[in-house]
Amino acid sequence: MQKIQINDLTRKDFETSQDVRWCPGCGDYSVLKQVQLVLPTLGIPKENFAFISGIGCSSRLPYYMDTYGMHSIHGRAPAIATGLKLSRPELSVWVVTGDGDALAIGGNHFIHTMRRNVDMNIILLNNRIYGLTKGQLSPTTQLGRQTKTSPVGSIDRPVEPISLALSMGVTFAARAVDIDQKNLRDILERAAAHKGTSLVEIYQNCHIFNDGTFEAVSNKKLRDDNRIMLEHGKPLVFGKNRDKGIRLNGMRPEVVSLADGKYTEADLLVHDEQTDCTVMAYFLSRMHNPDFPVPMGVFRAVAEDCYGQSVRSAEAIVEGKRGPGDWDTLIRGADSWVVE
Amino acid sequence: MQKIQINDLTRKDFETSQDVRWCPGCGDYSVLKQVQLVLPTLGIPKENFAFISGIGCSSRLPYYMDTYGMHSIHGRAPAIATGLKLSRPELSVWVVTGDGDALAIGGNHFIHTMRRNVDMNIILLNNRIYGLTKGQLSPTTQLGRQTKTSPVGSIDRPVEPISLALSMGVTFAARAVDIDQKNLRDILERAAAHKGTSLVEIYQNCHIFNDGTFEAVSNKKLRDDNRIMLEHGKPLVFGKNRDKGIRLNGMRPEVVSLADGKYTEADLLVHDEQTDCTVMAYFLSRMHNPDFPVPMGVFRAVAEDCYGQSVRSAEAIVEGKRGPGDWDTLIRGADSWVVE
Amino acid sequence: MVEKNKPAERGDTSSPAGSLLERPHRVESLESVVIRFAGDSGDGIQLTGTEFSKSIATGGYEIVTHPDYPAEIRAPLGTLYGVSAYQVKYSNNPVFTSGEALDVLVVMNPAALKMNIDDLKHGGTLVANTATFTPANLEKAGYESNPLKDGSLAIYRLIPIDISGLNATALKDSGLSRKDIGRCKNYFALGFVLYLHNRSLNQEIEKVRTRFAGKPEIAEANVTALLSGYAYGEVCEVFDTRYTVSDEVNLTPGTYNSITGNRAVAMALVTAAKQTGLKVFLGSYPITPATDILHNVVKLPNFNITAFQAEDEIAGVCSALGAAFGGSLAATTTSGPGMALKTEAIGLAAMTELPLVVIDVQRGGPSTGLPTKTEQSDLLQAVYGRNGECPVAVVAARSPIDCFHTTLEAFRIATKYMTPVIVLTDGGIANATEVGRIPRLDDLPPFEVKFRTDPNGYRIYERNENLARAWVRPGTPGLEHRIGGLEKDALSGDVSVDGANHDKMVRTRAAKIDGISKDFAPLVIEGSEEAKLLVVGWGGTYGSIAEAVRQSIADGHAVAHVHLRHLNPLPNDLGEIMERYETILVPEINLGQLSVLLRNKYLREISGFNRVEGKPLRVSELRNTIEGLA
Amino acid sequence: MVEKNKPAERGDTSSPAGSLLERPHRVESLESVVIRFAGDSGDGIQLTGTEFSKSIATGGYEIVTHPDYPAEIRAPLGTLYGVSAYQVKYSNNPVFTSGEALDVLVVMNPAALKMNIDDLKHGGTLVANTATFTPANLEKAGYESNPLKDGSLAIYRLIPIDISGLNATALKDSGLSRKDIGRCKNYFALGFVLYLHNRSLNQEIEKVRTRFAGKPEIAEANVTALLSGYAYGEVCEVFDTRYTVSDEVNLTPGTYNSITGNRAVAMALVTAAKQTGLKVFLGSYPITPATDILHNVVKLPNFNITAFQAEDEIAGVCSALGAAFGGSLAATTTSGPGMALKTEAIGLAAMTELPLVVIDVQRGGPSTGLPTKTEQSDLLQAVYGRNGECPVAVVAARSPIDCFHTTLEAFRIATKYMTPVIVLTDGGIANATEVGRIPRLDDLPPFEVKFRTDPNGYRIYERNENLARAWVRPGTPGLEHRIGGLEKDALSGDVSVDGANHDKMVRTRAAKIDGISKDFAPLVIEGSEEAKLLVVGWGGTYGSIAEAVRQSIADGHAVAHVHLRHLNPLPNDLGEIMERYETILVPEINLGQLSVLLRNKYLREISGFNRVEGKPLRVSELRNTIEGLA
């Protein structure tokens, strides 16, 4: 997409007349706001945005965006978006989905979308619960968590969406917290700028059915010791006083203190979001509380051909060889004969 | 499953009266043979085996096994096997699937099975093509490969099944080549012994539609330089003369020569199939020809609670607290009243 | 005579509609009350409604309830679309529906008034919590002036009460926070309404104490609120009538309780395990309005029942099929869109001839449709919605309690005939409650399952007199065998591409399903024998139809009603019964799906009464149609 | 008179069945030949069959072919289940089926003899490759003695030829390897059979040279084999008759070719792009017997058509729906089990009212069933197989060429009415070939698509005279809007849970689909006007029915035939036509699915002729039934 000058778009242009119907206190509100703030800055005509979602509280978001949109069926948004983007490459296609929508019923489309690298932006609102159906276990629900369908605690080991996406070669993967407005906005901007599939996982608080599951990384008092902000080319430092870091010990990561003088920043791993192999990013995606800080920011951002480009270049190869198709010749077929 | 003494089972006991109907030269034959050889050695009564498959050439295998079996529908074998195993924990449950069956239509069940760690053995016959439907692109087809549905070469980046499984926390993952009988058999034995989900990816030659795709690692003349045999606790050495090795350079793997004296085995990475984190195995799963040798053997084998055990211990918690359920009390309900 | 409670004759796999929680017989009496509670979804309306109905039901009355939630989880306070409601009808006569025109309406805010007032009878009682009629709330509800004051409600008996304020005063010394005190206000309202309905409080007080056993201060505050509400009724001079429904009840002695359709399905699963001694396996994926079945079942692992929340609907049904192959009683629960996803696997179940119970709690369609509203529009999908010639049994429940019996019958059919059985319930009966007598185990039709264990001469598709093949449990020595989705030889079960064999198998599978009807109990015809009009219904519209027929008869019209549990195959006696009547009326919450089945089978002209409005059929409207045709 | 070739009147969206590759008119004459080639699937049987039919067709004859592959990819050599066959019927009269009793059978090995000999007419010609009748091969085929020698084939005109040996001799100087020489033997056989059928070789020789343009030695060897086979015929004294089918052909002038049903669908996609100037998008997942459509389309990216092989059927249909939302002509192709998986998404297409063409190449069911055999058993799934009230248009193709017209009509209906349209073809017509005249673009019914671009007063569900909403392409300024699976307000398109609105929308969607029938061309009644018996058929059974009806008429029986392209809605004139006849016979390759639709709609008794044997209906058997009823 070419960046064009569109001076007069504002957040207001992307608001609809619909009452926003999430629960008071739901993290989805702040995501909606950031999306509405980012869109006008992208230099894309308003009519070229399309938002596709599945089913879930999160998937209601397109109703509140005054763009083209489809609130589709459970889990299928990436497949619908793929067809839309492949047939209309000039559109800016966004998928809005939830942890259940993307990773339970929609798991197959999710992984294949990562693999194909179709140029679209996927916003995954992860609240670790099924919100809309009122509180069942989701694929990201933490072990031991009691929900309506796990009354003695969940026994399903949770999915790490970013690991999963990386294993399928995703070219852009990032994570942010719903209420961390600045970071969320930066990441949405970068995701929009990325060519290929960009996955933005947002830790979103479901106030009603899973309140506080992200407390450690969203609470201003706790978060600095529990998260690490990834910065390309910078060593992995974290902590309220930036006094801790991540070091590699063989193939194992290790948290070390920078306070006691034993280690300095030079001993730490340096984040590289651009390596062609996914191992570094994968490694980061396996870090979880309480043993490690949770990484926020961009895990991976590499430039690779996206599927649509490849489709078009395959088309071009054929067209180059054979020229634009001639209907008459084709329909006549190879060994036709004439009756006079 | 308890190992019991069953002296008289042999390969013959597992053969059926059905003509085996794969193409002459198909790699599936040698897999069938190894499976039939391994089963009698496991100490499991013949009637306790159940083989579940989807649809594909590979998925025909259960018809040739004189065990309980179901040739089900495309992609769904792991889900069927999950229900079977959860309800009948005493059975030895095997899933036989293909790259299309497991990774295209069946992708969602595949990943969630890995995550749950239900105790079953999954044999994935990867021939990088759709055999049964006569030669279309599969999720593992290599980039650029011409197939019936990619006449100018595939543009879909291939799935690495072991990476995918690892990202979902699979507890046992291994790889073998169809005609490498000894290695295949060892791995099948280890997979059978593993508690939890074990994934065995077998590089299987489709003689008709994708002949030679695994040439580099199956041809006796080429394979030693193109593959590396993983051994727990051993450094990563390979080559016909065992003169090459894999070293870690930062977070990047590197092939080094052991011939010129610059590096010795001590500089190499040591394989550890038992680390609790999946990063080491993931790293190995990203190694591909031509830059790296392809790993064969066991990538990961860790002991974790499997889903069935967790289900049963959750049941036990409830039963421990409340005792075995009393039908009359339950059906009466909490606030019933009596009319006289 | 409407013979609602007469148990049908028992066939082998059939069972009376209405015996878990068996419905009482009583003397005739016409008095009944319809009451609706409405307020913000945060107001505890559902709880108040439930408590009220329980209290009424324990008095020996019949009740039917109808909860109605907003589609949103927590809609903003005071909005029209955030209104939650709960309706109860009670009487000492049989009650079939939760009623239409309201005798009493209790509203907790202006939005609730706006959304519900039209349903209140002229002269009906309106209780309103005045505290919430603030300018801001009035505006949100779209009122320009305060209806409590502008005279617009003059045709009702208005009882304005400052529920919030009175409740707060009563609890000012409770030591609770303001928020917690606020939460007690629904008990205040309940106390008042119970006074209005002439019920005593003792039992209710006990229940509050049990419910809040862990938090004694909260318990006592709620008790105080209840008592204050009740006392307010006693001293209040605003109104002069209390409701007194005759309580000369004549119930069959026994233990009673109320139950929703979804819970009744869960109880059926537990009962199937109990009766057969087999493990029950439920593989499911959450979907409104079916999820509550799963919620109920996950709490019962100590009843030999394994519940598995799968990654999607396909895995839900497939895991159940795997369990069926393993010799368990297997079920999957879902609603319309989920049903659509399961059809391929149901086809595999039909082909492998394994017993599988598929419960579809129907909701408004097509597509995502109206997920929180009821409908009967999955019937043709259930009967015809699979590739190939793929007949399966289809049964439907008529009421919350009937969900129990229908589900149990589905298991009996599934195992006797080795076939998938689809059970259709709907969002209406799934969430509504019905009161009935608790059955004892021996009251139920017997249910036993046999596996084949004899390896001698075993052939996979050898069939018994019911055309069913034998069920073999993996683990049985000598019976190892392979089944699958490919067509198989009619005897050996080997893969077969032979045309004649395929034709034979297709016909045999069809004949097997057709043969199930030999087990059905004779249909029960309710209403007048000399009628010219027969109303044929199915599933959850039973209440509305029975009530409309009853009213029409009471009004002197001759009309008969037959209600189908079995949709595929249809009952053998239905054709002959239909022949006795000149006109056939089929009321459905769809565009005429049973009509399609009946027209096709009996080549009879059918009048349809079709309303697809997401709610139970309106008795009054249906009655008009009946009386026009009778 | 059977008016097979009379083009129907054109309605707006309707088109004549049989004009791409328009079917020729000719003078009456009854002679025809049915020939079948059979051998190991490795023997090049399909190629030989195809070449033979082309050669015949270019002579101006009508042909219908029927390829029959084994289910296995490469079955072991010489086995019974590894036999591949290819049948052709040709005549200078209209040909409707590939024929029944064979005039000529060519077998390349004993297994092929065993599997096919029963279909050869008494006195028919049997050509056998003697070289393969070795003891080992005889045993594999289950022969105890050599049938070529033991006299058991005495009732046939046996022509034993050592094809392998003669071919090898002819090519001994070719310089080719033994394996490559062996591969030429099917050209030897072809040469012989062409001699037998009195065809000249010139054209065939040219074609061989083109085909093997890259490999001149192979080309020349094949030419030599062809010539040797032909020459062998000339010198061979074993037989005395050559087949001479009268070639007084009377074809409409034009360019002709033969085409399979699957390729015809692909050509329709290309043509839709050409006619409208829009991009065509095909989202699909491989499944037998539909995959060939995708194989054809992937080769044509330079025709403004994007083909996408998705990860599964659900993604196939969903990607197509996404493309439809984007303003492309979108299609998905599949077969029975894949259809089952797509139903939820088709429901979304119906709800969002987007144009989507779903092509179901039916195969034997249920479940995986008989994947390589034909059947007509997805009709009720297509009409009824979705949750909720979810009507969509359903059309069916009657012959390979008709796949082209039917698919194009499906696109015209989809875009005019903004609805999904299901196209039913079947494994029979998908793989069979038919010969016809190549159409020019202006011969085809016009096809134009308009998008709304005017933002003024746009309402999503505002409808035109066809009850269709406007199609809006994302990227159009001022028309931004949201659609989805939830029920929407009848005008604004906002989410609505209102009951009355839902009822209205459900009825409107139904009325829209019903209204499509106003565009249909009047039905064409073939056969006798004064008949009492009407045969009503649909889809791929056209050939068998037309032939049976024709034969019956020729034999003096009065019978009429009407063949339906439109299954939902049914044509408006069908009811009135059916009323004119006493008896209605509906032949189907299922247990009576069209019968269900007709009985339901017209309340008429229907006689079914149902054979579910994985193959076209047998003309002789059907004729018996017709003559019994006429």
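Think of it as A, B, C and D in the order they're written, each chain with its own count starting at 1.
Operating definition for what follows: contacts are C-beta pairs under 8 Å (C-beta built on N, C-alpha and C of every residue); 3 or more make two chains touch, one makes a residue touch a chain.
Because the structure is a prediction, the values reported are computed rather than measured.
More C-beta pairs touch across one of B-D and A-D than the other; that pair is A-D. Centres computed as Cα averages put chain B at a distance of 40 Å from chain D. As a whole-number value, the distance joining the C-alpha centres of chain A and chain D reads 44 Å. Measuring from the averaged C-alpha position of chain A to that of chain B gives a distance of 29 Å. Between chain C and chain D, the centres computed from C-alpha atoms are 47 Å apart. Shown for chain A are the residues in touch with two or more other chains, namely 55, 73, 104-105, 107-108, 112, 139, 311, 314, 318. Looking at chain C, residues 81, 299, 311-312, 337, 344, 347-348, 352, 367-368, 484-486 sit in touch with two or more other chains.
If each chain is drawn as a node and touching chains are joined, the picture has every node linked to every other.
Here chain C touches chain D in the complex through residues 71, 81, 335-337, 339-341, 343-344, 347-348, 350-352, 364-373, 375, 377-378, 380-381, 383-390, 484-487, 497, 499-500, 502-503, 506-507, 509-510, 590-591, 596, 599-601, 603-605, 611-615, going by the rule given at the top.
The touching residues of chain D, counted against chain A in their complex, run 20, 24, 54, 57-58, 60, 207, 249, 251-257, 259, 267, 270-271, 274, 279, 281, 283, 299-304, 306, 308, 310-312, 314-315, 318-328, 330, 344-345, 347-348, 352, 437-441, 474-486, 494-495. Interface residues of chain B facing chain A in the complex, by the touch rule stated above, are 104-108, 111-112, 115-117, 139, 152-153, 155-160, 163-164, 166-169, 248, 251-253, 269, 272, 275, 277-280, 282-283, 286, 307, 310-311, 314, 317-318.
Across the interface of their complex, chain D is touched by residues 19, 21-24, 55, 57, 73-75, 104-105, 107, 130-134, 136-137, 139, 148-151, 208 of chain B. For chain C in complex with chain A, the residues that touch the partner chain are 72-77, 79, 81, 285-288, 291, 294-295, 298-299, 307, 309, 311-313, 337, 367-368.
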